[in-house]
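Per-chain numbering from 1; labels A, B, C, D, E and F assigned in written order.
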Amino acid sequence: MPIVQIHLMEGRDDAKKERLIAEVTDAICHSLEVKPETVRVIIQEMPKAHFGIGGVSAKKLGR
Amino acid sequence: MPIVQIHLMEGRDDAKKERLIAEVTDAICHSLEVKPETVRVIIQEMPKAHFGIGGVSAKKLGR
Amino acid sequence: MPIVQIHLMEGRDDAKKERLIAEVTDAICHSLEVKPETVRVIIQEMPKAHFGIGGVSAKKLGR
Amino acid sequence: MPIVQIHLMEGRDDAKKERLIAEVTDAICHSLEVKPETVRVIIQEMPKAHFGIGGVSAKKLGR
Amino acid sequence: MPIVQIHLMEGRDDAKKERLIAEVTDAICHSLEVKPETVRVIIQEMPKAHFGIGGVSAKKLGR
Amino acid sequence: MPIVQIHLMEGRDDAKKERLIAEVTDAICHSLEVKPETVRVIIQEMPKAHFGIGGVSAKKLGR
(Lines give C-alpha, C1' and ligand atoms only; values in the text may rest on other atoms or scores of the structure.)
Protein backbone atom coordinates (compact mmCIF):
# COMPACT_ATOMS: atom_id res chain seq x y z
CA MET A 1 0.00 0.00 0.00
CA PRO A 2 2.52 2.56 -1.12
CA ILE A 3 1.87 6.27 -0.67
CA VAL A 4 3.78 8.55 -3.01
CA GLN A 5 4.25 12.29 -2.55
CA ILE A 6 5.65 14.29 -5.46
CA HIS A 7 6.87 17.86 -5.08
CA LEU A 8 7.18 19.62 -8.42
CA MET A 9 7.38 23.13 -9.74
CA GLU A 10 3.95 24.63 -10.42
CA GLY A 11 2.80 25.25 -13.96
CA ARG A 12 1.78 21.89 -15.46
CA ASP A 13 -1.79 21.43 -16.73
CA ASP A 14 -4.19 18.77 -15.49
CA ALA A 15 -3.56 16.45 -18.45
CA LYS A 16 0.13 16.29 -17.57
CA LYS A 17 -0.64 15.66 -13.90
CA GLU A 18 -3.07 12.89 -14.88
CA ARG A 19 -0.28 11.29 -16.91
CA LEU A 20 2.14 11.71 -14.00
CA ILE A 21 -0.26 9.91 -11.64
CA ALA A 22 -0.83 7.09 -14.14
CA GLU A 23 2.83 6.52 -15.01
CA VAL A 24 4.18 6.73 -11.47
CA THR A 25 1.47 4.32 -10.28
CA ASP A 26 2.45 1.91 -13.07
CA ALA A 27 6.11 2.15 -12.07
CA ILE A 28 5.25 1.43 -8.43
CA CYS A 29 3.06 -1.55 -9.34
CA HIS A 30 5.66 -3.00 -11.67
CA SER A 31 8.69 -2.60 -9.42
CA LEU A 32 7.03 -3.51 -6.11
CA GLU A 33 4.56 -6.08 -7.49
CA VAL A 34 1.51 -4.46 -5.90
CA LYS A 35 -1.95 -3.83 -7.34
CA PRO A 36 -2.82 -0.34 -8.65
CA GLU A 37 -5.80 0.09 -6.29
CA THR A 38 -3.41 0.01 -3.32
CA VAL A 39 -1.38 2.99 -4.57
CA ARG A 40 -2.02 6.61 -3.57
CA VAL A 41 -0.26 9.56 -5.23
CA ILE A 42 -0.19 13.10 -3.84
CA ILE A 43 1.08 15.94 -6.04
CA GLN A 44 2.35 19.06 -4.30
CA GLU A 45 3.14 22.04 -6.45
CA MET A 46 5.77 24.54 -5.42
CA PRO A 47 5.78 28.19 -6.50
CA LYS A 48 9.22 29.12 -7.84
CA ALA A 49 9.88 31.35 -4.83
CA HIS A 50 9.33 28.34 -2.56
CA PHE A 51 12.03 26.04 -3.89
CA GLY A 52 15.68 26.60 -3.13
CA ILE A 53 18.65 25.07 -4.93
CA GLY A 54 22.09 25.82 -3.55
CA GLY A 55 20.67 28.56 -1.37
CA VAL A 56 18.85 30.46 -4.13
CA SER A 57 15.18 30.19 -5.13
CA ALA A 58 14.19 28.78 -8.53
CA LYS A 59 12.50 32.14 -9.11
CA LYS A 60 15.75 34.07 -8.70
CA LEU A 61 17.64 31.45 -10.72
CA GLY A 62 15.18 31.99 -13.57
CA ARG A 63 14.20 28.31 -13.83
CA MET B 1 5.36 16.46 21.27
CA PRO B 2 3.52 14.89 18.39
CA ILE B 3 3.30 16.64 15.03
CA VAL B 4 0.40 15.57 12.84
CA GLN B 5 0.06 16.25 9.13
CA ILE B 6 -3.31 15.61 7.48
CA HIS B 7 -3.73 15.53 3.70
CA LEU B 8 -7.37 15.86 2.70
CA MET B 9 -9.38 16.76 -0.35
CA GLU B 10 -10.02 20.49 -0.60
CA GLY B 11 -13.50 21.89 -0.07
CA ARG B 12 -14.21 21.87 3.67
CA ASP B 13 -15.04 25.15 5.41
CA ASP B 14 -13.09 26.60 8.34
CA ALA B 15 -15.59 25.35 10.95
CA LYS B 16 -15.01 21.78 9.83
CA LYS B 17 -11.25 22.23 9.86
CA GLU B 18 -11.45 23.72 13.36
CA ARG B 19 -13.36 20.62 14.47
CA LEU B 20 -10.83 18.38 12.75
CA ILE B 21 -7.96 20.05 14.62
CA ALA B 22 -9.80 19.79 17.95
CA GLU B 23 -10.85 16.17 17.60
CA VAL B 24 -7.56 14.85 16.24
CA THR B 25 -5.68 16.67 19.02
CA ASP B 26 -8.01 15.06 21.59
CA ALA B 27 -7.41 11.63 20.08
CA ILE B 28 -3.64 12.14 20.22
CA CYS B 29 -3.73 13.34 23.83
CA HIS B 30 -5.96 10.48 24.92
CA SER B 31 -4.12 7.65 23.19
CA LEU B 32 -0.56 8.88 23.81
CA GLU B 33 -1.19 10.49 27.22
CA VAL B 34 0.32 13.84 26.26
CA LYS B 35 -0.88 17.36 26.99
CA PRO B 36 -2.79 19.30 24.27
CA GLU B 37 -0.30 22.19 24.24
CA THR B 38 2.43 19.82 22.98
CA VAL B 39 0.42 18.83 19.87
CA ARG B 40 0.74 20.52 16.48
CA VAL B 41 -1.62 19.78 13.57
CA ILE B 42 -0.97 20.76 9.95
CA ILE B 43 -3.79 20.48 7.40
CA GLN B 44 -2.81 20.18 3.76
CA GLU B 45 -5.58 20.38 1.20
CA MET B 46 -5.29 18.62 -2.12
CA PRO B 47 -7.07 19.76 -5.29
CA LYS B 48 -8.87 16.78 -6.87
CA ALA B 49 -6.44 16.75 -9.78
CA HIS B 50 -3.56 16.31 -7.31
CA PHE B 51 -4.65 13.08 -5.66
CA GLY B 52 -4.36 9.74 -7.43
CA ILE B 53 -6.08 6.48 -6.47
CA GLY B 54 -5.20 3.41 -8.47
CA GLY B 55 -3.47 5.53 -11.09
CA VAL B 56 -6.38 7.92 -11.73
CA SER B 57 -6.98 11.36 -10.19
CA ALA B 58 -9.92 11.95 -7.85
CA LYS B 59 -11.00 14.61 -10.36
CA LYS B 60 -11.28 12.11 -13.21
CA LEU B 61 -12.89 9.54 -10.88
CA GLY B 62 -15.55 12.13 -10.05
CA ARG B 63 -15.00 11.95 -6.28
CA MET C 1 -9.56 9.89 1.60
CA PRO C 2 -7.48 11.51 4.28
CA ILE C 3 -3.85 10.50 4.81
CA VAL C 4 -2.46 11.24 8.26
CA GLN C 5 1.21 11.30 9.21
CA ILE C 6 2.12 11.39 12.89
CA HIS C 7 5.63 12.17 14.10
CA LEU C 8 6.14 11.14 17.70
CA MET C 9 8.99 10.42 20.06
CA GLU C 10 10.06 6.79 19.96
CA GLY C 11 9.39 4.49 22.88
CA ARG C 12 5.70 3.53 22.78
CA ASP C 13 4.76 -0.15 22.54
CA ASP C 14 2.62 -1.63 19.78
CA ALA C 15 -0.56 -1.64 21.88
CA LYS C 16 -0.31 2.11 22.32
CA LYS C 17 0.34 2.63 18.62
CA GLU C 18 -2.66 0.45 17.79
CA ARG C 19 -4.78 2.64 20.04
CA LEU C 20 -3.34 5.77 18.44
CA ILE C 21 -4.27 4.52 14.94
CA ALA C 22 -7.80 3.60 16.08
CA GLU C 23 -8.53 6.84 17.92
CA VAL C 24 -7.08 9.19 15.32
CA THR C 25 -9.00 7.37 12.58
CA ASP C 26 -12.19 7.75 14.62
CA ALA C 27 -11.54 11.47 15.09
CA ILE C 28 -10.97 11.91 11.33
CA CYS C 29 -14.14 10.00 10.44
CA HIS C 30 -16.23 11.90 12.95
CA SER C 31 -15.01 15.39 12.13
CA LEU C 32 -14.76 15.02 8.34
CA GLU C 33 -17.70 12.62 7.89
CA VAL C 34 -15.73 10.04 5.95
CA LYS C 35 -15.72 6.24 6.23
CA PRO C 36 -12.92 4.51 8.19
CA GLU C 37 -11.79 2.41 5.22
CA THR C 38 -10.77 5.60 3.36
CA VAL C 39 -8.36 6.69 6.12
CA ARG C 40 -4.63 5.90 6.16
CA VAL C 41 -2.39 6.60 9.16
CA ILE C 42 1.42 6.60 9.06
CA ILE C 43 3.35 6.69 12.34
CA GLN C 44 6.92 7.98 12.22
CA GLU C 45 8.98 7.63 15.35
CA MET C 46 11.76 10.06 16.14
CA PRO C 47 14.81 9.21 18.24
CA LYS C 48 15.31 11.88 20.91
CA ALA C 49 18.44 13.15 19.19
CA HIS C 50 16.41 13.78 16.03
CA PHE C 51 13.85 16.20 17.42
CA GLY C 52 14.74 19.80 18.21
CA ILE C 53 12.75 22.24 20.34
CA GLY C 54 14.01 25.80 20.54
CA GLY C 55 17.32 24.77 18.98
CA VAL C 56 18.10 21.91 21.39
CA SER C 57 17.40 18.18 20.93
CA ALA C 58 14.88 16.38 23.15
CA LYS C 59 17.79 14.12 24.13
CA LYS C 60 19.84 17.03 25.50
CA LEU C 61 16.74 18.55 27.10
CA GLY C 62 16.21 15.28 28.95
CA ARG C 63 12.63 14.78 27.67
CA MET D 1 13.38 19.27 -10.15
CA PRO D 2 10.86 16.85 -8.74
CA ILE D 3 11.34 15.32 -5.29
CA VAL D 4 9.50 12.05 -4.71
CA GLN D 5 8.85 10.47 -1.32
CA ILE D 6 7.59 6.89 -1.23
CA HIS D 7 6.19 5.32 1.93
CA LEU D 8 6.07 1.55 1.68
CA MET D 9 5.81 -1.43 3.97
CA GLU D 10 9.23 -2.64 5.13
CA GLY D 11 10.60 -5.94 3.92
CA ARG D 12 11.87 -5.41 0.35
CA ASP D 13 15.53 -6.13 -0.43
CA ASP D 14 17.93 -3.57 -1.88
CA ALA D 15 17.62 -4.93 -5.43
CA LYS D 16 13.89 -4.23 -5.40
CA LYS D 17 14.42 -0.75 -3.97
CA GLU D 18 17.01 -0.04 -6.66
CA ARG D 19 14.44 -1.05 -9.29
CA LEU D 20 11.81 1.11 -7.61
CA ILE D 21 14.11 4.15 -7.73
CA ALA D 22 14.96 3.52 -11.38
CA GLU D 23 11.40 2.92 -12.59
CA VAL D 24 9.79 5.77 -10.66
CA THR D 25 12.51 8.16 -11.91
CA ASP D 26 11.82 7.00 -15.47
CA ALA D 27 8.09 7.58 -15.02
CA ILE D 28 8.72 11.09 -13.68
CA CYS D 29 11.09 11.96 -16.54
CA HIS D 30 8.73 10.61 -19.17
CA SER D 31 5.53 12.20 -17.88
CA LEU D 32 6.98 15.57 -16.83
CA GLU D 33 9.66 15.82 -19.54
CA VAL D 34 12.50 16.45 -17.13
CA LYS D 35 16.04 15.06 -17.07
CA PRO D 36 16.85 12.14 -14.72
CA GLU D 37 19.62 14.05 -12.90
CA THR D 38 17.04 16.54 -11.61
CA VAL D 39 14.98 13.83 -9.88
CA ARG D 40 15.39 12.83 -6.22
CA VAL D 41 13.64 9.79 -4.71
CA ILE D 42 13.33 9.14 -0.97
CA ILE D 43 12.11 5.73 0.22
CA GLN D 44 10.60 5.55 3.69
CA GLU D 45 9.84 2.10 5.05
CA MET D 46 7.05 1.57 7.54
CA PRO D 47 6.98 -1.26 10.08
CA LYS D 48 3.59 -3.03 9.92
CA ALA D 49 2.63 -1.65 13.33
CA HIS D 50 3.15 1.87 11.98
CA PHE D 51 0.65 1.84 9.14
CA GLY D 52 -3.08 2.03 9.75
CA ILE D 53 -5.84 1.16 7.28
CA GLY D 54 -9.41 1.81 8.40
CA GLY D 55 -8.27 2.30 11.97
CA VAL D 56 -6.32 -0.97 12.29
CA SER D 57 -2.58 -1.53 11.81
CA ALA D 58 -1.29 -3.63 8.92
CA LYS D 59 0.31 -5.81 11.59
CA LYS D 60 -3.02 -6.63 13.22
CA LEU D 61 -4.67 -7.04 9.81
CA GLY D 62 -2.03 -9.66 8.99
CA ARG D 63 -0.91 -7.96 5.77
CA MET E 1 22.38 15.85 -0.20
CA PRO E 2 20.06 17.20 2.42
CA ILE E 3 16.45 18.03 1.58
CA VAL E 4 14.79 20.53 3.89
CA GLN E 5 11.06 21.15 4.16
CA ILE E 6 9.88 24.20 6.09
CA HIS E 7 6.26 24.68 7.11
CA LEU E 8 5.53 28.27 8.07
CA MET E 9 2.55 30.52 8.47
CA GLU E 10 1.64 32.30 5.23
CA GLY E 11 2.19 36.01 4.83
CA ARG E 12 5.92 36.58 4.25
CA ASP E 13 7.04 38.33 1.06
CA ASP E 14 9.42 36.82 -1.48
CA ALA E 15 12.43 38.77 -0.16
CA LYS E 16 12.01 37.17 3.25
CA LYS E 17 11.60 33.70 1.73
CA GLU E 18 14.74 34.26 -0.35
CA ARG E 19 16.61 35.12 2.85
CA LEU E 20 15.15 32.07 4.57
CA ILE E 21 16.38 29.79 1.77
CA ALA E 22 19.84 31.37 1.83
CA GLU E 23 20.31 31.29 5.61
CA VAL E 24 18.95 27.78 6.16
CA THR E 25 21.14 26.48 3.32
CA ASP E 26 24.16 28.16 4.94
CA ALA E 27 23.32 26.58 8.30
CA ILE E 28 23.01 23.14 6.69
CA CYS E 29 26.32 23.51 4.82
CA HIS E 30 28.14 24.73 7.90
CA SER E 31 26.84 22.15 10.37
CA LEU E 32 26.88 19.12 8.05
CA GLU E 33 29.94 20.12 6.00
CA VAL E 34 28.23 19.74 2.66
CA LYS E 35 28.35 21.93 -0.45
CA PRO E 36 25.49 24.39 -1.11
CA GLU E 37 24.66 22.91 -4.52
CA THR E 38 23.65 19.63 -2.84
CA VAL E 39 21.01 21.31 -0.65
CA ARG E 40 17.33 21.60 -1.58
CA VAL E 41 14.85 23.70 0.40
CA ILE E 42 11.06 23.47 0.07
CA ILE E 43 8.88 26.14 1.71
CA GLN E 44 5.30 25.21 2.48
CA GLU E 45 3.02 27.99 3.66
CA MET E 46 0.09 27.25 5.93
CA PRO E 47 -3.07 29.37 6.09
CA LYS E 48 -3.87 30.23 9.72
CA ALA E 49 -6.93 27.96 9.66
CA HIS E 50 -4.67 25.03 8.69
CA PHE E 51 -2.34 25.04 11.67
CA GLY E 52 -3.43 23.79 15.08
CA ILE E 53 -1.70 24.43 18.41
CA GLY E 54 -3.13 22.69 21.45
CA GLY E 55 -6.27 21.76 19.53
CA VAL E 56 -7.09 25.28 18.27
CA SER E 57 -6.22 26.86 14.92
CA ALA E 58 -3.79 29.77 14.72
CA LYS E 59 -6.65 31.67 13.09
CA LYS E 60 -8.92 31.26 16.12
CA LEU E 61 -6.01 31.95 18.48
CA GLY E 62 -5.48 35.26 16.68
CA ARG E 63 -1.82 34.57 15.85
CA MET F 1 5.82 28.56 14.53
CA PRO F 2 7.93 27.01 11.82
CA ILE F 3 8.34 23.24 11.58
CA VAL F 4 11.44 22.06 9.75
CA GLN F 5 12.01 18.55 8.43
CA ILE F 6 15.51 17.62 7.27
CA HIS F 7 16.22 14.47 5.27
CA LEU F 8 19.89 13.58 5.29
CA MET F 9 22.10 10.60 4.63
CA GLU F 10 22.59 8.47 7.73
CA GLY F 11 25.94 8.32 9.45
CA ARG F 12 26.38 11.56 11.43
CA ASP F 13 26.96 11.35 15.19
CA ASP F 14 24.74 13.00 17.78
CA ALA F 15 27.09 15.96 18.27
CA LYS F 16 26.75 16.86 14.61
CA LYS F 17 22.97 16.49 14.73
CA GLU F 18 22.86 18.71 17.81
CA ARG F 19 24.82 21.35 15.90
CA LEU F 20 22.50 20.96 12.91
CA ILE F 21 19.43 21.55 15.11
CA ALA F 22 21.03 24.60 16.74
CA GLU F 23 22.26 26.25 13.54
CA VAL F 24 19.14 25.65 11.48
CA THR F 25 16.98 26.99 14.33
CA ASP F 26 19.19 30.10 14.46
CA ALA F 27 18.84 30.59 10.71
CA ILE F 28 15.05 30.28 10.94
CA CYS F 29 14.85 32.74 13.84
CA HIS F 30 17.10 35.25 12.14
CA SER F 31 15.49 35.16 8.70
CA LEU F 32 11.86 34.91 9.80
CA GLU F 33 12.15 37.01 12.99
CA VAL F 34 10.59 34.38 15.25
CA LYS F 35 11.60 33.21 18.70
CA PRO F 36 13.61 29.98 19.09
CA GLU F 37 11.02 28.32 21.35
CA THR F 38 8.50 28.36 18.48
CA VAL F 39 10.76 26.33 16.17
CA ARG F 40 10.61 22.54 15.82
CA VAL F 41 13.21 20.54 13.86
CA ILE F 42 12.78 16.92 12.77
CA ILE F 43 15.78 15.02 11.41
CA GLN F 44 15.10 12.02 9.20
CA GLU F 45 18.03 9.87 8.25
CA MET F 46 18.07 7.93 5.01
CA PRO F 47 20.02 4.71 4.46
CA LYS F 48 22.05 5.00 1.24
CA ALA F 49 19.83 2.43 -0.47
CA HIS F 50 16.82 4.66 0.20
CA PHE F 51 17.92 7.79 -1.61
CA GLY F 52 17.89 8.03 -5.39
CA ILE F 53 19.68 10.59 -7.55
CA GLY F 54 19.05 10.46 -11.27
CA GLY F 55 17.44 7.03 -10.94
CA VAL F 56 20.29 5.36 -9.03
CA SER F 57 20.63 4.91 -5.24
CA ALA F 58 23.36 6.71 -3.30
CA LYS F 59 24.51 3.22 -2.27
CA LYS F 60 25.09 2.11 -5.86
CA LEU F 61 26.63 5.49 -6.71
CA GLY F 62 29.14 4.96 -3.91
CA ARG F 63 28.32 8.24 -2.16
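By definition in this document, a contact is a pair of C-beta atoms (placed from the backbone, for glycine too) under 8 Å apart; a residue touches a chain by one contact, two chains touch by 3 or more.
For reference, the UniProt names are A, B, C, D, E, F = Tautomerase.
Given the structure is predicted, the values throughout are model-derived calculations rather than measurements.
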Set of chains adjacent to subunit B and to subunit E: A, F
Subunit C reached from subunit A - shortest hop count over touching chains: 1
Maximum centroid distance from subunit C, chain identifier (CA atoms): A
Comparison of E-F and C-D (more C-beta pairs in contact): E-F
Rotation angle (°) superposing Cα atoms of subunit C on subunit F, nearest 5: 120
CA centroid of subunit A to CA centroid of subunit D, Å: 12
Whole-Å gap separating subunit D and subunit F, where each centre is the average of the chain's CA atoms: 20
Whole-Å gap between the CA centroids of subunit B and subunit F: 25
Residues of subunit B engaged with two or more neighbouring chains: 1, 3, 7, 22, 24, 26, 40, 42, 44, 51, 53
Chains touching one another, given as label pairs in label order: A-B, A-C, A-D, A-E, B-C, B-E, B-F, C-D, C-F, D-E, D-F, E-F
Subunit C to subunit A touching residues, read off their complex: 1, 3, 40, 42
Subunit A partner contacts - residues on subunit B that touch it in the complex: 7, 44, 46, 49-57, 59-60
Residues of subunit D that touch subunit A when the two form their complex: 1-9, 12, 16, 19-20, 22-24, 26-28, 30-32, 51, 53, 58, 63
Of subunit F, residues touching subunit C in the complex: 14, 17-18, 21-22, 24-26, 29, 36-45
